[in-house]
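The data blocks that follow each hold one structure.
Next come two complexes built around chain A: one with chain B, the other with chain C.
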Partner chain A sequence: MEKNIIYVKNLSKSFDVSSKEPGLKGTIKHFFKRKTTSLKVIKNISFEIKEGEIVGFLGANGAGKTTILKMLCGLIYPTEGSISVSGYLPYRRKENFLKNITLIMGQKQQLLWDLPPIESFYLNASIYDLDKLEAKKRINKLSEMLEIDDDLFKPVRKLSLGQRMKSELLAALIHKPNILFLDEPTLGLDINAQRNLRNFLQKYNKETNATICLTSHYMKDITSLCKRVICVHNGSISYDGKLDLLLKKLSPVKEILIICRSESDAIKLEKSGFMVKNKRKNEITLKVENKSITSSLKAILNNFDIEDLYINEPPIDEIIGKILIKKDCSI
Partner chain B sequence: MLEYRVEIALWAISGIIPFFMLNIWTNNNLNEAINISNLMLSRYFLCAFLVRQFSVVWVVFSFEEDSLMGKVSPYLIQPINPFFRYFAQHIAEQITRFPFAFIIVFLFFIFNPEIIWIPNFGVLLLATISTFLSFLIQFLIQSIVACLCFWTEKASSVERLLFIPTLFLSGLLAPVVSFPEYVKSWIYLTPFPYLIDFPANLLSGNSTNITRGFFMQILWILLLLPVFKKIWSLGTKKYTAMGS
Partner chain C sequence: MRVRKYLKVYSKFLHTSLASELEYKTNIIIDLITAILSLIGSIFLLSIFFQNNNRIGGWEFEQALIIQGIYTILNGITNTWFNPNLTEIVKHIREGTLDFVLLKPIDSQFFISLKKINPSGFLEIILGFCLLLYCIKINQINFNLNILSLFFITIICSIFILYSLWFFISTTTIWFVKTWNATEVLRSFLYIGRFPLNSFSFSLRIFFSVFIPIAFITTIPSEVFLGLSQLWKIFLEILVALLFVSTSRKFWLFALKFYSSASS
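Let's turn to the complex of A and B:
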């Protein structure tokens, strides 16, 4: 059984925010007397994460996902509560802790803009005390996994967003971190680049047993990488558990598109007592509860002349959209 | 830094204030008032140009930009203080400036052959050390100001305040020896005359108190270093990872 590597207990974070009225009067007032209020963006959250786990943080913009990641990697100090990552207090930023983690923020880059990525890789290798031979080995391995061998020697500014993101990833992983904090790593990437990045992360997790904490607004990232999700709503955790359980709970029905041989069969089916979503000529879409799907299908096939049928899951984005606005998703 | 050859050449040329000042001083015979010959004054301003080239610091502007753009965040979670990056950038640029600075010196000698002199190895070594110490002082002062970004976001405005005493008291516009006696005694207690005046006098062969110069340079470094460490530690606690 895997041991816990991240412990968070009653964690809170507040920021001082100054507000200003519009116009000249407001500006003068703001200059002489600033009005600042303390905004609690993370409210008393607790959770634990096991070694090797991939956990997705879900939430609307401004819910607090990124702030949680920033506290986990030690970038910002928590206001209250306790936090331990790999046995360290992250905000103390001890050398051994920093050598164990990495943070990738989509669109924010650490690569040197005018130089080829290979220069940044060797710079990072020196920062993390890797000798040149070991660094070369890791660069070769990671560039092979990420399929970016040809792009290592072109200036970063000449690379496409996808190539740049892969190079960012390589720069961030050169020291073989055990814990990855990824804040929207696929932001702005095309579908193929997103898929390649997800495949790489899966492979990296499998090969190194690294723990991955991920935020993303692309649901495909979450569904293909994370078994567990933590939903954040207004700085509080509204759900922490398995993704499939959450989806089942929030989407208790499936849609069945039935194509009847004739329109009269469709009309008969419409009047047979099933919940009808819509009907067009000989095509009819029914909503059926997950638990009665087998018996319903059996009854339909036995009693009506059916040409074809399709069972559709409701779009995942729609379900996740519901989660983002829910205060409590507990099952 | 070699990626920015043209930019660096322009920077090197833009640092020619000492030559303008030399012109003002010599054309108005101001050197007579401070009892320095035209020749020694010319050498002083040439050396002031060289010292400035190899001690100029802009870390506050780089850090402020990186801080506002959220670029500091990835640096903060690396096991090295981000200021080492800026330090390395400055050193790299100083090395790149060498040929451009020496072309300017060469041209100056062609037009003013009477000024040519070759300092001996000992003087050259001491001047190089004092220029590096001057760079360290300026780097520490600007790093302390840069750390104010954790509180004010626009720390470069504070730096502009510091620029005025640096300009007038460092010896860039006039050798410190030209100030009245009672002002001089105060100026020598500040770090400013050890930024340009001391190394330039050392290199040009003008009279200067070498022991006091090095003592004050080292003293200021030792005073500024713990201040930087403290303000850095307080600042990172305030860091909000803005822009990311």
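Let's turn to the complex of A and C:
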């Protein structure tokens, strides 16, 4: 049984936000007298994360996912509530805490732009107190896992986005952190680069038992990496639990496309009491509840002359899209 | 152990930033030419002021050259370290890349103040010292070890005062987001430091001593160089430097509590 490594209790965060009326008059008014209001972007959230767990944070733009990650890694101070990561108060940013974590942001980079990534790796190694030999060992291992050996010696500005992101990962992982905070790490990457990155993260998690907190708008990242998701809606948690349970709950039916041997069989099937989505000649699409899928299939195969059949899962993006606009996804 | 770590990291900073700068040869050559032309221009301007007067504010042209030499050294230090690093603070805060700095197990002020270096500023430092050597000759200064050590103490204090002022202004970016103009104002005040403080009116002298301590930055080291400074002025300079460094440090740590990071 893994122990909890992240504790969050009744956490809230407010920001002062200024608003401006449109037009020149509004601009002048805004220059001399700013109207600021306190906006509560995170509202009283609580959760715990176990060591070695990969947790996906889901939510629409501006829901508060990144703010939660930034509070977890200690970049911003919480307004209310308590937070503990690996036994530390993150916002105190103690040296030992910082050596335990890393933050990777898909839209920001820390590599030295004009130099090859290897220079940034050795710079980070010296910051994390690693000697040259140890640093070299880790760079070799990680570059092998990431398959970027050839790109280490080219200037960063000459690398493709995918190669750059892999190098960013290596720079962020050189100190073997136990907790990884990833904010949209696959942003802008092509399908192959996304898949490689996901494979790497899976492998890294298996080998090091590192805890991973991830936000992403690419559903494939979430479905292939995270067993557990935390859905954030307007700064509150609308769901915290297993991803497959959530998907089942939000999508209780599956579609079965059945190709009958003859049109008459299709007509018989249409009248047999199943929920029919559509019918075309000898092809018929039925909607069947997840819980009765096995019994329904048995009945269809026993009573009708079937040539072929396909079970279609509803598109995951569609289901997740529902989550993003739902206030409460509790089961 | 800690000092060794910081020295090791600084040697990496030097290595990486020199390597980055040397990628752009033409830029370095242009910077070097600008440094030489700027010094020639400044001396020419100073000579115009002294054309009809033998003395300005009690300083002769040959003595005023010492201030010019110190100004050139400080400007070189500004261009080598302060300009590439402290102007970046604004960018770090605006674009949210300060996140990476704050999450490193190293002092964030050390990191953002010393990460980069612009090698072309070294030429200005060398030119400044050459000008000072020439001033020893033309002013027939009896330079000894005492004057030399006092001079270096006051110059180091000047560097710290200038750094703290600049760092203080850059830190306000955490609240105001854009403060490039303020650092430009500071640079233009530094230009005033090329002239002896006594050449300004009484009220301006008070302003440049109390509010923007230009007097401490160039005039006191110059007086020490000439062997004319009173001991209390040197102590005052050390005190002001300590005050500025500790205040800017505390201000930075205080400001970080308000850092909200850029939105993604």
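By definition in this document, the second predicted complex is superposed on the first by the 331 of 331 C-alpha atoms of A that agree within 3 Å, B and C clash if a C-alpha of one lies under 4 Å from a C-alpha of the other, contacts with A are read in each partner's own complex, and residues count from 1 in each chain.
FYI, a residue touches a chain if its C-beta (ideal position, glycine included) is under 8 Å from a C-beta of that chain, and two chains touch if they have at least 3 such contacts.
This one's a predicted model, so the numbers in the text were calculated from it and none came from an experiment.
With chain A as the common reference for superposition, the partners chain B and chain C occupy clashing space.
Once the two structures are superposed, chain B and chain C can be ranked by residues of chain A touched, with C on top. Of the two partner chains placed by the overlay, only chain C lies in contact with A:Glu119; chain B stays clear of it.
Applying the stated contact rule after C-alpha superposition, one finds that A:Met105 touches each of chain B and chain C.
Using the contact criterion defined above for the overlaid structures, shared-chain residue A:Leu180 touches neither chain B nor chain C, since it reaches no partner. By the touch criterion defined above, A:Tyr128 lies against chain B and chain C together after alignment on the C-alpha atoms of chain A.
Residue contacts after overlaying the shared chain place A:Val85 against neither chain B nor chain C. Once the two complexes are laid over each other on the shared chain, residue contacts for A:Ile68 go to neither chain B nor chain C. Overlap of the chain B and chain C interfaces on chain A: residues 15, 66, 70, 73-77, 93, 95, 98-99, 101-103, 105, 108-110, 114-115, 124, 127-128, 183.
Residues 15, 66, 70, 73-77, 93, 95-96, 98-99, 101-103, 105, 107-110, 112-115, 119-120, 122-124, 126-129, 155, 183-184 of chain A are the ones that touch chain C when the two sit in their complex. Of all residues in chain C, only 5, 8-9, 12-13, 15-16, 19-20, 23-24, 95-97, 99-100, 102-106, 257, 259-261, 263-264 touch chain A in the complex they form.
Touching chain A in their complex are the following residues of chain B: 3-4, 70-71, 73-80, 236-237, 239-241, 243-244.
Those residues of chain A lying in contact with chain B across their complex are 15, 66, 70, 73-77, 91, 93, 95, 98-99, 101-103, 105, 108-110, 114-115, 124, 127-128, 172, 183.
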